[in-house]
Every structure is written in structure tokens, then in C-alpha cells.
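Same chain, two partners: subunit A is paired with subunit B first, then with subunit C.
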Partner chain A sequence: MLGSGILQGLAVTAKNFLGSYHDPARYTTVEYPEVKQQLPEAFRNFPFLVTENATDPMGTLRCVACQICEKECPPQCIFIEKSKDKKPDANGKLQIYPVVFAIDTSVCMSCQICVEVCPFDAIKMDQVYEIATTDRFDALLLNREQLAKPNEYFHQIHPTEAAEVDARLAADRKAAEEKAKAAAAAKAALPAKPAPAPVAKPAVVPPPTAPQSPGPAA
Partner chain B sequence: MIATLPPAESWLERFPLLVRDWITGHLPESLGWLAVSLLAIVVILAAFGLLFAYLTLAERKILGRIQNRPGPNRTGWFGLLQPFADGIKAVTKEDVVPREADAVLHFLAPVLLVAMSLLGLAVIPFGRHLLAANLEAGVLYFFAAGAATELAVFMAGWASHNKYSLLAAMRALAQLISYELPLLLSVVPVVMLAGSLSTTHIVDAQGGWTFGWIPHWHVLTPWGFAGFVMFMIAALAESNRSPFDLPEAESELIAGHLTEYSGFKYALFFMAEYFGMCGLSAMAVTLFLGGWQAPCAFLEFIPSYVWFTAKLLTLLLGFIWIRATLPRLRMDQLTRLAWKFLVPLTLLNLANAAFWSLSAGWSGPMHWVRWAIALTVVVGPFLLLGRALTAGVAPRTYRYA
Partner chain C sequence: MQDLSPGGAHVRAVHDEFHGDLLEVSMGPHHPSTHGVFRMVVTLDGERIVKLKPVFGYLHRNHEKLGEGTSYLGSMPYTDRLDYLCSMTNNWAYAVAVEKLAGLTVPERAEYVRVILAELTRLLNHTCLAGFLMQDCGCSGTPLMYAFREREKILDLFESLSGSRMMCNYQRFGGCRVDPPADWLARAQTLVDGYTAFLDEFEALLTGNEIVMARTQGVGCMSAALAVSAGVTGPALRATGVAHDLRKVDGYGVYPRFNFRVPLGAHGDVYDRYMIRVLEMRESVGILQQALAGLPGGPIMNPAAKLRGFRPKAGEAYGRIEGPKGEIGFYLISDGSPNPWRYRVRPPSFINLTILEDMCLGHTVADAVIILGSVDIVLGEVDR
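Up next is the complex of A and B:
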């Protein structure tokens, strides 16, 4: 019958109108600034630097300023300046550290290549998206203080990847310790002079295990 | 106390009159008549201005809800200040007049449009005692003023010196010629049965109830129902509302006749569209839905203007609902619907109303015969004509690659 399609259409819109008051499936809008959507775990946007200890972010950066990411970055948005001296990292081992580590977020395209090439798991992808600023030059150039975020934050945003990274780092450390122990035992078996390495080793063991206890469990 | 008085004289019913008399009482006798007229104009402007403001908000809210979103809710409590924010925005915007435009006509078009859309409201009886101008030929006056709005649309399109505006103006004229006829033809039966062109008489003719709860509204008769539906279809086209918003057609003509208008002139066009919609809805209420009459006898204690407002708002919500549902027609579909479908049906409806008028004396079993004949004359041609017109066209089948 002529007009029946119109009546059906009116019924559809009426159902949608009434349904929007009680049926969440018919009212899908999230009112953004007040309510934020749960981001999917795979969501990534802009890199950040991982620190082991939130209380001393600059002292416990995993980054050793090897500059691989700087060279690999396709849009060339990373700028690193190496330190002249060495400082003990979170494991107590003396390392070169980045005096300047800056990412120009106006240039960064979130391609994740810096993350893929980093041999130290020191740079990871973040989940930030509220990055509007009132200054398009300096405010978009993030320095290492702004980039550094603790490992616990990494666990919050990407739990699977963070657990996998922590497990791998712990395994590597354990393997290194056992290797050092074996080497020390081999050296002790030989009538050799006491090497300086074993002196440094005991200091290595306690710090990493303390902050990383949640990691390997997951 | 209210129950003992006749409903026409109750305190609530006379309240607007009391206020009017109180205000005019402060003025000298010689200025009284002027004050009464001015007061009516001011009240209509204020009431419909406010109705316009909140109708835009209601429309955006309802369209939003239908499209799974909340609609404007940032300005004020539940977005209730949104119309005023929009108004401030429209007033403070730059008013651009194209260099090639006819400056006088370009300025006059929105003014004329708003003025013409407001004129029709003068003859609407908003309540038992609320009528700005009681004209003998009120219905005629209303449609004459309504037809002039299309002239203003053509003026806007011509004066803008813009191809989109001019195309929209042509469309507006084609639409006017097509739909003025069914609009008027669907009103003629009402005038015929009421025996008067005066809106007060037409409302009075619909007074009273059968058994105390079936009102004698025209919409509850076969010819009245058909006339009401066709009147509303033609009214949609007359007020340039979706699905007949061809003159505006954003997807084809940028904004049609509004392309070269900005700032407050644009707001005036918007206002005129809503005034026109309100005017035609108010006319539909007056002609078919019993005007200010209460639907049941025992509900008469509620003042007449409340009933009128309720009916008016229902029709306006219907306009919004239809806008949210139907896509825009093509130009040929628009004229085809008018000439091949609505005009024949309104003419038949005229004959049906004549039969209804002549058979008014039938009683007993003949009463049922009267209803059967009248219903057949409404439903039969609708089905036959609908089938003939949609043969080979509908229902459409879609193939997806």
C-alpha cells in the first residue's frame, strides 16, 4: 500500500527516539571531556622513555643514548645528546646517559620504528591524545623530563607488552648473573688475582628485583 | 466555584482578558483600542518568538536522540540557553551582501518573509477569547498571506545574483504552484460544511460532543481525516520543510536561496520558516482538530488556550518527526505527488464532503450507510490511485554488487 513505507520509517525513528532514553545500544554517544572511552590496549600514540624508578626518573632511565632511534627515525624528530661521563643506571652499572633527549611531537608520526629498533626497551609507545598546546614551537618539543614515565605507567597502558618486556629483562639479568658466577667460579678454581668485576656485582643484584617484582609475576 | 460557572466564564479562561483589561485600564479611553491591538501584536510576537527559540532547540534535541546522540547540552542547564547563544551569534556575525546583489531586494526579502509569515497568525483563534483579528474571510486572508511568503523566497533568490539562489527560487515557485492547489482544495470542504470563512465560526462548528466524549472535530469524519492528512502534506511543502525542502537542498544547492545570506538576515529566514510552520499547524488545528475545543466534556475546566497549545505542539513535533524520517524528494517526484495524487484526491474529498453535508439528516441504519459510503470514497481512490501511480516504480528493489 502506498505510504506503508513511510509509516514503517516513522516507526523506526520513533523506536530510536524512545530507545535512546533506556537502551544503551540506541544511545552510543560518549560525552567526551567528562567521560572517556576505554582505549584498546593496542592503541599507541607518541613514544615515551621508560624509567625504572618513579622517584628518580632521570637517574633510572633505561636509555643509554646509543642514538639508534635518532638515526632510524624516518621524520628525524628525535634529538639526543650523549653525556661525557657515566652514571650508574638502575642496575648500578655505569652507563652513558642522554643529557638531552627531545622529541618534536609536531613532526613525530607515531610510526613506532624507534620502539622496534631500541635494544634496551628504553622507548615505548604512549597512549596520549590530549596534546593540544597554545604554543606550536616550544610546547610541542618534549624534553626528557616530559618524556620520562615510570615502568608502572607502561604496565598500566600496555600490560601484555610490559610483562613480556619485564620477563625478558629479568631473564637476561639472571643469565648474565649466572654467567658472571660461572666465570667467577672458573676464575676462583684457577689461582688467579681477584678481578674488580665481582666487587661490583653484589651491588647489581638487589635494586632491580625490588621494583620489578610485579612484572615477572604477570 | 469553577465548576459552577459556565466554562467560558471561568477565572482561568478569562485570565488573558483580565490582564489585558488591567493594562489598558491605565490608559486614557481614546487610546484603549490602539493599546488592545498593540498588546495582541506584542503577545503574538513574544509567544511565537519564544516558541521559535525553543522549537529550534527541541528540533535539534529530538533529531539528536533519533540519531543516537544527545543534541545541544552545553549551554546552560540541558542546553536551555542554546537558542539565546545562537541568537547572539547570529546578531554579532558579519552581514555580507554580494557586490552584484540587488541591495534593496536583498535586504527586503527576509523582512518581507518574516512579516508575511506573521500576518497569518492574526486570524488564528488561540483560545475562546483570544483572537487578534476576527475577519469575516479569515481563512482566505490566512492563505493569501501564506502565499506571499513564497514571493519573498523568490525575491531572495533573484536579488542574491547567484546561480544556486536563482535555482532555489525557481524551485520555490514550482513548489508554490504545485502545492497551493491541494492546500486550498483540502480546506474547501471545511469551509463548505461550516458555511463560513471565519475562523471563529469554523471552530464553533466543531464544538460539542457525542456521548460527552467523542468530539465533533472534522478530523474524526472520513472526509475530515483525508483532508487533514492532505492538508498536512501540502503544509509541509508550503513551509519548505523536509521532505519538501527542495529550495534549500543543501546537497545540491549549497543552501538554496539562503546561500548569499549571513548573520541576522539568515536568522530571519530561519525564523520565518518556523513561523510559517507554526502558522500552518495552527490553521490545521483550527480547521480540523477543533481549534481550542477540549476533547471531552469533563476536560473543559482546562482553559481553551492550553488545549490549543497542546494540539499545536503535537503537530509541530510531528513536523520534526517527519523531518527526522524522510529523505528529500526529487523535483519531478514533488510535482508528480501534487498533480497526480493530491489534487485528484482533494477534488474527490470535496465531493465526499458534499455528500456528508447532504446526508446529515440520515438516521438509524442509514447512519451506518452514510459512514460506509464516505469511508469508501476516501479509501478506495487512495488505494487505486496509489497502486496505479506506483506500478512499475515501487516497491523498489536494490541490487548490491
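Up next is the complex of A and C:
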């Protein structure tokens, strides 16, 4: 019958319209900004820098200014300037640190490649999305003070990933300590032995610009 | 010769010695029916189209040259932005090309996950297309909103897996970035189980609707010979009756393990192109059920794959998969450096668009709108 298809379609719309009054699954609108959807844990927006200690964020940045993220960033939105001196990091180890670490969030495309390539777990993705501003230039260029956020915050937004990272870093630290202890013990046991051949030394010591890993590589 | 420059007049009278007085109208680039910034310069005899010239490039962003300037990995997030409805399949096609180039194998679990995500992308794309097509027909709002309601559920899945709704950046060379956890797979299973009900509802709304049939049947016919000679792929080709689906032809990934059919059309008109997509969605639901049931354990990444310092040996490779819009392919030439020496995209939207004039001739302006809608273009991919 001509018109039966239209009537059938109208029945569908009527079902959906009336259904939205009593079936919550059919009423899918979220009244933003009064109501906010819960973000999935994996949600990513812009990067931030992880610091070990919230009271001294600039002194305990995990970043050692190795510039791998700067090189790998597809839209080239990261700018890093290395320090000339070295400062002790959260583990008390002397490290180069970034004097300037800036991310231009007007260029950043939130692809997470900086996070994936970072060997120090120093840069992670943030979840703050209400960041509209009327200034197109300076307000969107974030410096290291604005980017630094404590590790506790990282635990809040990405609990699973943060727990994995902490476990990995703790294991690395422990391995490094044991290695250092074993080296010290070996040294103490053989005091008479002459120092190791100096030829091998330059190969082990990294060039001054290379990143120094806090992990087992050190 | 008429001036077709972007700064040209939008409506003007032209004289043709065969047709007499004609009217040249510039549709777009800001017309809501053009699915982005696309312009059609149509020459009208009354309301009939006697000539149509597509003008595009408004969204050109130098994608291929950018690909030559960034590392292999760095191009992966850019492929999300080609066809921004189907980032998962774009990622996969690019990963296939690079894996061919570097000789990387992919673990079985990753192949299954790729199939699951590609079929979810197909559901998403075809659902949206059907909604947009009805919007173009003048069926304002309702079907599009129903389509977007379902699309949002798939995007929620993508977001909780990859971190982003549309710019997923999920595939990696030699596997996938994240292993889908069990609760994600359970959510995907719930969505797939409920999708057939949605398709039934959507079809009850549209497929038998007399207005839709009157509006789309016999409009924008494409012959099989024309489609093949123009290189048209995807649902637009299969609507003409040509059985060409790379999932069957190439049998890439783990597709040969799944039991599914390739729906074919008979007339190659707008209605066939709509219908093919609905039937393909039903087949996709079947593939998803099989893939979710047969998902093996094991690693998600090939341990030999390198993230930093990735340099495939010199050579060339073409990787292609059946995207929701057609054959999406990436052609790469490597000279052994960290960047590809040549990076070329085979965009299905763009190639399917080339025969727009042949489909539109003799039809009215209002028909040109739905013919364009049924080709299924995304300007991010057309202009690159």
C-alpha cells in the first residue's frame, strides 16, 4: 500500500520520542556544562611534565632535556633549551635539566607521540579540556612552570598507567642501587688491583650532550 | 571559456550555441550540502544540469609533502586527519604499507583487534553516511540524529581505547598501541549485539519509505563499465554490481578466516548505494561477532618493532585495505633514511568523486546534492 512505509517510519519516530520520556537509555543528551561526562582513563588532551615533588616542581622534573620528544613531535610544537650545569634530580643524581621547556598548544595535535618516545616517563598527557582563552598567542604557549604537575596528579587522571610507570621506575632504581652496591663491594674486595684499563673508559662515559638514564643503563 | 576561479561570480548567464541561454551557478564552497568546503560549478538549462565542474582544494594541507618531512611514525597521526570519520582504517592502511616496507609481521591478536576496529569504523562511517544522505534528501534531522546517537557509542569505545574519539592514532608498525582490556571487549560485544536492532529500526524508518524511494531510485546511475574505468572502489562500485572487495580479493589480515558475504547492487543509483551500505553494516556485525568470539591471546606488538630510530631499508611498498569508502592505499618509497622519500596516498573519496559529472548530467540541482551525498566524500581526504 502506498504510504505504508511512511507510516512505519512515523511509528519509529513516535517510539523514539515517547521512549525518551521513560527509558533513560533512549535519552542520550548530557546537559553540559551543568552535567559532565566522566572521562575515560585513556582520554588525552595536551601534554604535561611530571614532577616528583609538588613542593619543588622545578627542582624535581623528571625531564632531563634529552630533546627526543622535540625531535619526534610531528607538528614541532615543543621547544627545549638544555641547562649548561647539572642539578641533582629527585634521586639525588646529577642531571641536565631543561632551562626552557615550552609547548605551543595552538600547534599541538594531541597525538601522544612525545609520551611514547620519552625514555624517562617525564611527559604525559593531561585531561584538562576547558582551556579556552581570548589570547591566541602567549596564553597558548605553555612554559615549564605551567606544564609541571606532580606525580600524584598523574595518578589521579591515569591510575593504571601511573602505577605501571611507578613500578617500572622503582625496579630501575633498585637495580641501579644493587649494581652500585655490587660495584662498591667488588672494589673493596680487590683493593690491590690496578684501576681498569683507561682505554675502555671514554666509550662508557656518554658525551656531555647525551641523555643520562637514571635506569640500569647508568 | 568561462572563468571558474574561486573569485568568480556565483551566478551568471552564459550562452551556449546548442542549448541557448544557460545559467551558471556556483554551489559551494560554503553550501551545507557539500560536506565540507567543496564547490560545484553547475551550468543549468532550466533546472537540468548540462555541465558540472567540481572545484576542490580548499582544504589542501600538503599532507603528502608533510609525510616526506616527518618520520614514519610522525605521519601516523596525520593519517587520522585524512578521512576524519575513519581514522582507524587510515591508520591500518598506513601501517600495512610501512610493515610491507620494513618486513614486519603482526601478532595474531593485533590482526584481530585491527579487524574489530576496522569493522566498527565501517559501521560508524556507513551509519553517518546514511544519516547525511537523508539530510541531503531534505529529511531534516531525525535520521541524522539517530545515526549520530549510534555513532557516539562507537566513538566512546574508540575514546576509551585510544584516548581520542576521532583522531585515534592507534595502530603502530608491527601491532597496536594499547591492548584492549577485557571490559572494553565486553562493551564492544554489547554494542555489536545491539547494533542489529538499531539497523532494523533505521531501516523501518527509511528503506521502505516511499518518499525516499521516489527521491533516490533511478537518480545518479553509474554504469559498471564507467565505474571500473574510472577506478571507483568501495560501496559505490559494488552498487553497480561489480564484485570487488579487497577483504575478499586480497584477503589481507585475518579476513579469510571470517565468513561474510559481499552485497552487490543492480542499478548503481543512489538508492542502491544506500542499500549496499546498510547490507554491508549487517555483514560487518557478523564479522565483529566472529572476531570478538575468536580473539586470541598473546602479544599485541611485535617485539622486534622499533618505535624510535625506525629506518626501513631502501625500497618501495604499496599497502592497501578496504576502507569504508573504498580502497585506501599508501605508496611509500624509502631511501633508508628516517623519513619516506616519497609518500603518496590513494584516497578513495577523491577518485570516487571524479565521475560526479557523469552521474549528475540531466538531473536537477536537488538531485546533484543527493548524488554527491551518496558518493560519500570527506573533504579532508579529497584535498589532503
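As a convention for this text, the second predicted complex is superposed on the first by the 163 of 218 C-alpha atoms of A that agree within 3 Å, B and C clash if a C-alpha of one lies under 4 Å from a C-alpha of the other, contacts with A are read in each partner's own complex, and residues count from 1 in each chain.
Quick note on the criterion: a contact is a pair of C-beta atoms (placed from the backbone, for glycine too) under 8 Å apart; a residue touches a chain by one contact, two chains touch by 3 or more.
Quantities reported herein were computed from a predicted structural model and do not represent experimental measurements.
When the two complexes are overlaid on their common chain A, residue A:152 makes contact with neither subunit B nor subunit C. Using the contact criterion defined above for the overlaid structures, shared-chain residue A:6 touches subunit B and also reaches subunit C. Contacts of A:28 after superposition on the shared chain: both subunit B and subunit C are touched.
Within the superposed three-chain arrangement, the count of touched residues of subunit A is higher for C, of the candidates subunit B and subunit C. By the touch criterion stated above, A:40 is placed in contact with subunit C alone, subunit B being left untouched. Look at A:16: by the touch rule set out above, it reaches both subunit B and subunit C. The contact surfaces that subunit B and subunit C form on subunit A in the two complexes overlap at residues 2-3, 5-6, 9, 12-13, 16, 28. On the subunit C side of its complex with subunit A, the touching residues are 70-71, 73-78, 80, 142, 146, 149, 152, 156, 159-164, 167, 169, 177-178, 201, 204-213, 307-308. Residue ranges of subunit A in contact with subunit B, taken from their complex: 1-3, 5-6, 9-10, 12-14, 16-17, 20-21, 26-29, 31.
Of all the residues in subunit B, the ones that touch subunit A in their complex are 62, 65-70, 73, 321-322, 324-326, 382-383, 385-387, 389-390, 394-395.
Remark: subunit A residues 2-6, 8-9, 11-13, 16, 28, 40-44, 68, 72-74, 109-113, 116-117, 125 touch subunit C in the complex.
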